[in-house]
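Next up is a structure, given as structure tokens.
Naming follows writing order (A, B, C, D, E and F), and every chain is counted from residue 1.
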């Protein structure tokens, strides 16, 4: 039995609250158990120089963690003067994941910037970020359609992400920090609403693991993402203007 | 009349919610109208090298603003690779203000780090940060006393801060962003519970201003801080362990 | 009695020598006792991009301290790779102070850069910088008028600055380093020739201080600035071309 | 048919030349077709402070690309003043991959640094780096055993890596640059000699892809790594002292 | 007798292999004994902004050393976040030396970037870089002439460089690392095919040295460069397209 | 005839004023015509870690230029966030030159830091810096002997520097900025009082130059340094305590 009393294929309680920032075109506060991520989607009508004149837009992401989001205080990256390799790796992943479900031509020459800031961390901050970023982005693009800025919907599909890992030899879904730090293997799956793979990352932490174990992690991720897609839809439907 | 219908000496609605971070020794979410600042107080038992062996502790602060805390998205300082002059100026002010009401010897050889992160900005982020930081710090130090780590209370007094400015020729209390960007003069007062001055900063933005006008700003600040002291006490009393 | 035998309301000997740099449009070497600051005013006909097309100019300042300006050698900021928070705070203050007395429209689309470099430091470097910067700037703008580049005088008023503090319980004017490091409270006042406030900064260093004490500091600053205005005028009148 | 006339499950010609640096404890030049990576393994008897006294060692990696390793010259990272997110991501991957097959306790309190410098790039630089790094590391550790510094062999298994992707709808092994830039999906597999997974990274570039497609990529990677393991063994056997 | 059995005026074995990079317009691997430098010449049709519209081109150089090019591993400059003073000094020297023999007008509005990367270092890396850079540059410019991009040859003369030093009181040619670290004086001479001086740098390391000793170093350099010019010509003649 | 009416072997007026900084152990303001450099020598009793326990000291230099030392304002290096390659090259040269005439063992385990800050630049800033740095250093070490800190004099000889160049085909001594920017060749000679070479740097700017021309530059430098040695002695003799 997991220390949290969850079954192997059970997500932590997930909540998605939209409209949490009065300035952003889209925003949400997403929680996976004790993990809390504030996501804003900002629409920027001026795109970077290298993108201009191509008749298409761009989606990018930035990720940050408040210094005391974690058990012990970490160093503030702005004070350190640079983003860690881990931060850059995560924000690149978030950006790729979201772009995978957006028609950049239909978006037009504008940029959507997704800021994912971790308010409190208990494992799964990157998967919560991706899952929440889709809601914030969809909310922002719906707003642009309501305003008549966009003619069609650039969103091609949903995208969500969840972690899986092997703890005490057992593949389990949605690791919290305690499980994550003990896991023999750790993985993140980013899947589309249609069940396609956007990104898979799996790492043996203490040992290599077998292809059979990997297949089980994959199946758990499919279970988890199916639940997340339903929660995303419900959150988006509840957005008020 | 002010655009918010407030009288000249009226604060915006202020709320202080404590216990908002499950790891930090003390924390609060403070709001001054639409301005929202998340403050955590982290106790670090290892102090910087230059402080060791002096039989006393230290209180310091860091300040940050989420990129979309503002009307239009600002650049993330961690991505820019450095903290702006404005950020450094504010976090130095917060640190000085808090140290003014702490007996560093009674604190012992440990450090309290106050992280003030602006979730949403509508003017007055530095004054809300100082006011909230006192609550988070007091909460953390009370916790240390409950745990028996501290024998006595290192806190000598309360400290709170509020902005005042001259708008359309009239001195008013607690400027929001709209007022702040139009103000002829802008000031921040940091006062103690006993009514002593910790810090005064006043700047003519569009014109110089007279000593009589300055005196009125000072009186408004005294009114505002008196209210803030009561709210701080109430928030601290409501902390649950 | 002060260690320097000065009365409470007495400035240190102040000298302002103009024309100390053969390339700069305006320059001076200002001394407040042992504090020596070299100020140059450089006129740049190309303004930053964000300023263009607005039909007005800009005034900005940079501040630096030679490594051995102080009792013990400090680290060179260029070698450290960044300007300290203190440096940035001071140069922002100098820029704000000077802009307060310039009609930026009358200046036209050009920039004046004031470089304030501390050759020797004995307290009051920022107030000497502001006071000297006005002379260097006025000298440069007079030169532009003599050359026919400017039709009218963009300078609206004089601006000068002085520090005051509470030492051994007594408010005194123009602190030197020894007084500054012992002071219970420290303040800087930036005032215009017309007696208006441009900037006030006051800080309790070892204790809070009362509004009555603050009022006395203010009065001392008015005495000091009155003397500085006369010295600025005399220095400017002595400029030779 | 692939533009290179290779079959779907065919590697490019792979060569591994050892002993290419007269100072390094281990080294090799590995080529995957036109991709050339120079790898050195440096043994450092002084480990970082945070590692000391734990009775174990560390293996880490750094990755770089010469500016003209690519079709058009890229910016030198040392001149840019920082390593890109991509570089950091790759060097973290190399380090994790190698540590997965080393008994850090048997290594003792010393560090092995693997420098992987890309001399020429035509796709697959990270997989060539990992595959070559194992040879350089093994060569260095054999040397330490020959010298009597190490009593036992800290290497637990081989590790190799290969990329796979979907090009024109067909899963293929070991993409070159031309294939990589056109691929619909791209993946990297890091496997051990025993067939265990160390790391899997798979990304949909232009579209999501199905689990069946993923499974085929996985099988191709197993084929490729099997060949690489044989080449590693042969290269290591040929090392001369 | 020198530890390498060389006579005082004898170079180490020098080899120059061209065409070592399949993308660069010109390239070579040059060795001076155990010192190996990989040089690429990249032609960039877009020149820096400050150069445009002047009807002439530019030649510049960058220099780097792989971390384990040396006896003990050095820090990677990209990881350190900056190029050392030594690196900048060397790359400025290489750029100046090459520009001295190029007609920048005949080059047209394009830039040649010479990347000199030290694969293995045993003294004389800057002189090998300059000598090899001329071959790589000449090879690239010949290619541009073959392609019809250039009408005339912008190369005015050859340029080569060699080090000389005083070891145990005796002036000797082309120091290796062991000699270099013991030398009483160290110098680098950059000469043209016509025997003109492009650059001379001579430094007393342990003691000053006399003008007579300097003259002998100069004569040795003339001997060394004469040999290098012949080797450059042979290498250039052997370039295949 | 030179534009300044000087003969070919004539220095500009040179002045050396000592005791210009009340805190530094040694200091001087040196002028070569319109070039003015402020030099301080700071004695630091704590040497860098890598130097400790060797029973000897160190001499090092830092160089800077005030932004408006030049005809048009240059960027402040502290604001730019790094020292230019030129700055680093110069300060390394100054340090090497001074160490050449100091017995580091006799200095004991302490460091002398020479800060050379250019107040106004008209060519020859590095040679003025070296020449002045010797005076400041000698003054500081004499002070240490007077205080009884040093038993013997660590200074072995004088060192001075001067530039020479070829202008309009004629070798001339001590170039000012106008000459320097037009010169066909430029050189700096650092010589000891005994006539030994410490450093020679000579560069063809617009063309290579012959060995005969170089020899004439060398002779001019010997003439110039002879005069500088006399001026150094006189300045040092005039130091008051």
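In this section, contacts are C-beta pairs under 8 Å (C-beta built on N, C-alpha and C of every residue); 3 or more make two chains touch, one makes a residue touch a chain.
These are the chains along with the protein names UniProt gives them: A, B, C, D, E, F = Ribonuclease PH.
Predicted model only: the values in this text are computed from it and were never measured.
Touching chain D and chain E together: no chain. Seen from the Cα centre of chain A, the chain whose own Cα centre is farthest off is F. Distance from chain E peaks, on a Cα-centroid basis, for B.
In this assembly, the C-alpha centroid of chain C lies 51 Å from the C-alpha centroid of chain E. Centre-to-centre separation of chain B and chain C, using mean CA positions: 29 Å.
Residues of chain C found to touch two or more other chains are 82. If you walk the ring beginning with chain B and heading to chain C next, you pass the chains as B, C, F, E, D, A. Residue ranges on chain F touching chain C, taken from their complex, read 21-24, 27, 34, 38, 40, 42, 44, 62, 64, 66-73, 76-83, 87, 113, 115, 117, 119-120. For chain D in complex with chain A, the touching residues are 82, 85, 88-89, 91-92, 96, 100, 157, 185, 187, 191-192, 194-204, 207-211, 213-214, 218.
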